[in-house]
Amino acid sequence: MSHNTFGHLFRVTTWGESHGPALGCVVDGCPPGIRFTLADLQAWLDKRKPGQSRFVTQRREDDLVKVLSGVMLDEDGETMITTGTPVSMMIENTDQRSKDYGEIAKRYRPGHADYTYDVKYGIRDYRGGGRSSARETAARVAAGGLARKVVPGLTVRAALVQIGKHKINRANWDWAQVNENPFFAPDPEIVPVWEEYLDGIRKAGSSIGAVVEVIAEGVPAGIGAPIYAKLDQDIASNLMSINAVKGVEIGNGFGAAEITGEENADEMRMGNDGQPIFLSNHAGGILGGISTGQPVVARFAIKPTSSILTERRSIDSDGNNVDVRTKGRHDPCVGIRAVPIGEAMVACTIADHYLRDRGQTGRLK
Amino acid sequence: MSHNTFGHLFRVTTWGESHGPALGCVVDGCPPGIRFTLADLQAWLDKRKPGQSRFVTQRREDDLVKVLSGVMLDEDGETMITTGTPVSMMIENTDQRSKDYGEIAKRYRPGHADYTYDVKYGIRDYRGGGRSSARETAARVAAGGLARKVVPGLTVRAALVQIGKHKINRANWDWAQVNENPFFAPDPEIVPVWEEYLDGIRKAGSSIGAVVEVIAEGVPAGIGAPIYAKLDQDIASNLMSINAVKGVEIGNGFGAAEITGEENADEMRMGNDGQPIFLSNHAGGILGGISTGQPVVARFAIKPTSSILTERRSIDSDGNNVDVRTKGRHDPCVGIRAVPIGEAMVACTIADHYLRDRGQTGRLK
Amino acid sequence: MSHNTFGHLFRVTTWGESHGPALGCVVDGCPPGIRFTLADLQAWLDKRKPGQSRFVTQRREDDLVKVLSGVMLDEDGETMITTGTPVSMMIENTDQRSKDYGEIAKRYRPGHADYTYDVKYGIRDYRGGGRSSARETAARVAAGGLARKVVPGLTVRAALVQIGKHKINRANWDWAQVNENPFFAPDPEIVPVWEEYLDGIRKAGSSIGAVVEVIAEGVPAGIGAPIYAKLDQDIASNLMSINAVKGVEIGNGFGAAEITGEENADEMRMGNDGQPIFLSNHAGGILGGISTGQPVVARFAIKPTSSILTERRSIDSDGNNVDVRTKGRHDPCVGIRAVPIGEAMVACTIADHYLRDRGQTGRLK
Amino acid sequence: MSHNTFGHLFRVTTWGESHGPALGCVVDGCPPGIRFTLADLQAWLDKRKPGQSRFVTQRREDDLVKVLSGVMLDEDGETMITTGTPVSMMIENTDQRSKDYGEIAKRYRPGHADYTYDVKYGIRDYRGGGRSSARETAARVAAGGLARKVVPGLTVRAALVQIGKHKINRANWDWAQVNENPFFAPDPEIVPVWEEYLDGIRKAGSSIGAVVEVIAEGVPAGIGAPIYAKLDQDIASNLMSINAVKGVEIGNGFGAAEITGEENADEMRMGNDGQPIFLSNHAGGILGGISTGQPVVARFAIKPTSSILTERRSIDSDGNNVDVRTKGRHDPCVGIRAVPIGEAMVACTIADHYLRDRGQTGRLK
């Protein structure tokens, strides 16, 4: 597939830079008859948008999404119904301070894509990171909002499970807590720990990495495909496409390297309702690339924001040694805002596979 | 892209089951003029083939690769030269003991794809796992042999770095050791530890997970592509497509979650030769989805072989509760034979991106 | 490839309906460093836009194109330079008279896509034909403007060669005439004939078919690809995707059915400059799916506009027999405005193959 | 899509040269549970194979197809059942007379792909045309045999309707005649005319073009897709990919250019069974790229075989002027054997769209 598109039947193409007039996406392949309101989509965008707490960038963007095509308005004047044609969505950029970036037009910020874009393209939109800015992910979140409606009964949720070395206590997991704190933490006891820790990071102009866990429930058994469109493979691919992600795992993930076949096996029994039951979910809901019907569980690691106040050694595009410190408004922990993005990418992946399987096997409704 | 194909310009389509007459692949998009011998390819297949030590499956397959199209013989009668048309390669299955599998025709082996294939397709080739068998990876290794020739100066090597909880000592890393022991271990000191540990696993009819690290050197700076064909994304996707892989990471990977922006930054300086130098490689050779010119570093976790002798609870396709123990010839640690497979997948990914970038930017030779 | 996208490395995704707020396209894979102005693009859009003579629809649309991403402004404040990231272009719809279409919301206009959209999707944007409107082609023309800049030395021109049974005299062919008459006719002698004929068609509320010929000069020899991405195949595919096109031919086309191998052969000789010369071009510049270096010649047939004033028998979506006559502002011969669209599709196809071949063989600069 | 693959969900990848050991295809995406026998497939291959009358090449190939993967044998030991995994099919080349081709290793035969392959790839398998040989189409015919089973109730038939200037009388059309003469002619009265005409061509060592018409019945209404995967577009693309095809048309095709909107309209009425009826089929069963439920009608023009005995002027790969006459065993009219190939390509296209639509809209069973 090409370079700014993902998906095979539910296809998302995104466009736009940090400091252009707008960014957006085209969702091609959305089935007809899907009903949604702008408010439905906006809710997910609001979850991702900057400026919502002192722990994320103070850039102010309303991130209001517009739908430009692919829908008809229902008689209530509010509900949109997809017609099966491409859904084009656009988000205007409003808070661009291009001046902030002038001095780094030629300097390669360590950890950023500045150097590699220049090597690859020979030209680079340096304003706010241009295309490599995480602003691009706003479009994904809009697409994810649609994707959630495609698969009947699907729920995709994510939470932050680690900041630096501070991990949640999984015994405390409570979905109801996730939207009650600025970290999307499912464990209320970790919140004060993270607050204190991140305040220190933020005041030092530093940054820190994190881990997000995404759980999709209601995924029908039997979607995904051998061999090169495994459901876990496409989830890994799509999560790894998120800015700053350096690792992805499914189910037990890297933990699976440390255990035996006996420990890792998910045993089965027939349930009282005549349906198969898995007695555990080490596999993260996927076997042989195909969903088992259990929750699909994925985690991804986000590196610390590369924009930090401490000077780092670097070079510029003229071949001079320079020292770079990145001012401006940055996330001390980009992992926080990655939570709704991870959800969106998993939702899109599942919607895509659902449509493929309905086509190929005709077994899904 | 579709389901048994990967790559965009260097495209590999594989086919075949564990117990059919043969398996193979079609490599479409291999540039013309690539020179190789059958022995070149066979060397990689030999590295992957079963029966080479007591730590891998005792199935006996010669895994001899034939080239059926896409090449002309040079005057030496041995060197093949690609013509730019599809290279079809075939490996015949010779040691099929279908009888071994009769009793599991209807039983879902925990951790295997038996249940999910049945749910998805309503029919399943149960012999040796059918299409979900790791035998399919022989075709990938053949394709990888070609891919290595596509990018001038490319070297792709891998090693096993962890079995169960036993990790190598990275200070001992010595590539010369990797082919000197049955584990592809780069650390000679870990070899006796793993031998003893795996002998125990094997004798117990158990199995254990592992971690493989792949390092690609000679990757030109500037290949890869935002946003949905990032080099790390495609590597993650292709490694995750290998049987039993449950996690993938690039550079610092999940370790990046635990460190600060200062620690994670790869600083740069101009070298004495006027070329940029990175002072570290936390990024694993990729920034913003594009190669930096440093070694590309990826790791993947393989779960323990699901085929174990201990009885596990399961069900059969008629909806009965059954207990399953998997006899037959199995790898106590499939991670070992995943080493050449991981190399092949990374080589194919890099070859594909190299061709794409040569097309799109015209900057590569 | 998916449904609203064409191209493999130079990929164009279009979106938008006749009566939505806007329509547009995302051009993904445009090489970096391409320089153009909005005026460059607008010139092609102006050629396609409605209302320019009495022989085309009187709908009034300025069809002003905006570029939303993928470029940086040069210091002159006018020249745009592509950065290699997706170029998003948008054209706002301004002259929508949705009232015109109210009465056909449920009636299937013969020859239109009304019935088939309803059968396929179960919902249909009836306003102006929705997605099936030829307004969508404005986005293609914008993309074509970019494509023309991708291949050094490429010129793509088209002309109308037939309206109804009235064909041009090819001996009169003069490219300089094409923009001097409202038909894009290369033969000045046909102009009064067509004027009189089309006036009659127009006044009768009728419509008539036409044939367009596209000629691309400066196509490097050696682009295109066996077997399923032949250059002629992709040209045929992309021309056939234009609304109302019912036939496509390359070089001699259907005429090749009537002649012998001797007549059809394009003989060759070495030229005085040491370059091969073809002594004729029956093949239309393509052999075995690959360009010969001669002009690429394609023709396509456009059916008469289906919107006519005469009543036709039809049904409505409730299953009633109805009679339909289509009022509103329609082209008596849509073939006229198909001229710049055909050019755009051929330009995009050639740009795409040029990039593919540069990648795959490394032989193009 | 890539270069030796076509289709999006029903994907066919072919490989092989005229004079290699074998050729074949991989059909990826064939639904599970399709039942067929080797004899089912072989029947189509037999229709295409050489040597069946004096009007086709005297090369002797049995063209026996083997199925290497993707199926299980039913209990009758003969019926194959697809499992949903890739179906690999292989046809061995048996009658290769490479000596025949030695003298043209360096000479570019006019009308053949010799020159363009050399320009593109810099290397060329000259034996029998290598990859550009029509032998490749045997693999398509095998794939088509499977495709026919995918869509319930589908019938795809083709006939030769024109050789040189000699056209059939459509009033005589009788499908029962098609397999009763060596031309696949549906009009028995044309048979003696063509026999006499082609005998003359053959004895002169000349060749002649032809037109094939393909008709698909039982295509469900509502398959196909705007805008760049129109059913007619994909049919045009796939037919144009057949060797020597220079033109494709749907329904009225180029004839649509000559008629008015009134004449071209396919009127509708409700039938007595409550189903819509079209009163004519000028559209060839497709409106707006989507099937109407009427027969899909396509025609394609095949140029005269380029291999002729008369000397033609050409050059060789060393840049010398040479004269070329092509000995060997050639078809005086390749259009004859294109009949089953055209059927196969249309069957594959419809199967692919059927699966896509089942996925995207869920409206097909």
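Order of writing sets the chain letters: A, B, C and D. Residues in each chain are counted from 1.
Note that contacts are C-beta pairs under 8 Å (C-beta built on N, C-alpha and C of every residue); 3 or more make two chains touch, one makes a residue touch a chain.
Heads up on the chains, UniProt names are A, B, C, D = Chorismate synthase.
None of these values were measured; they are calculated from a predicted model.
J.: In the chain contact graph, what is the shortest path length, in steps, from chain A (Chorismate synthase) to chain C (Chorismate synthase)?
T.: When the steps are counted carefully, the minimum from chain A (Chorismate synthase) to chain C (Chorismate synthase) is 1.
J.: Where are there more C-beta contacts: C-D or B-C?
T.: C-D
J.: Averaging over Cα atoms per chain, report the distance between chain B (Chorismate synthase) and chain D (Chorismate synthase) in Å.
T.: Comparing mean C-alpha positions, chain D (Chorismate synthase) is 38 Å from chain B (Chorismate synthase).
J.: Between chain B (Chorismate synthase) and chain C (Chorismate synthase), what is the gap in Å from one C-alpha centre to the other?
T.: The separation of the two C-alpha centroids amounts to 45 Å.
J.: Which whole number of Å gives the spacing of the CA centres of chain C (Chorismate synthase) and chain D (Chorismate synthase)?
T.: 27
J.: Among all residues of chain D (Chorismate synthase), which ones touch two or more of the remaining chains?
T.: As it turns out, chain D (Chorismate synthase) has residues touching two or more other chains at 2-5, 8-9, 14, 29, 32, 84-85, 120-122, 131, 226, 356-357, 361.
J.: In the complex formed with chain D (Chorismate synthase), which residues of chain B (Chorismate synthase) make contact?
T.: Those in contact with chain D (Chorismate synthase) are residues 2-5, 8-9, 11, 13-17, 20-24, 26, 28-29, 32-33, 66, 68-70, 72, 81-88, 90, 120-125, 130-131.
J.: Can you tell me which positions in chain D (Chorismate synthase) touch chain C (Chorismate synthase) when the two form their complex?
T.: Contacts found on chain D (Chorismate synthase): 1-6, 8, 14, 108, 110-113, 115-117, 119-122, 131-132, 136, 162-165, 201, 206-211, 221-230, 232-234, 236-238, 240-241, 243, 246-270, 274, 276, 279, 283-284, 286-293, 301-308, 310, 312-315, 319-321, 335, 356-357, 361, 363.
J.: Touching chain B (Chorismate synthase) in the complex: which residues of chain C (Chorismate synthase)?
T.: 8-9, 29, 31-32, 84-85, 226, 355-362, 364-365
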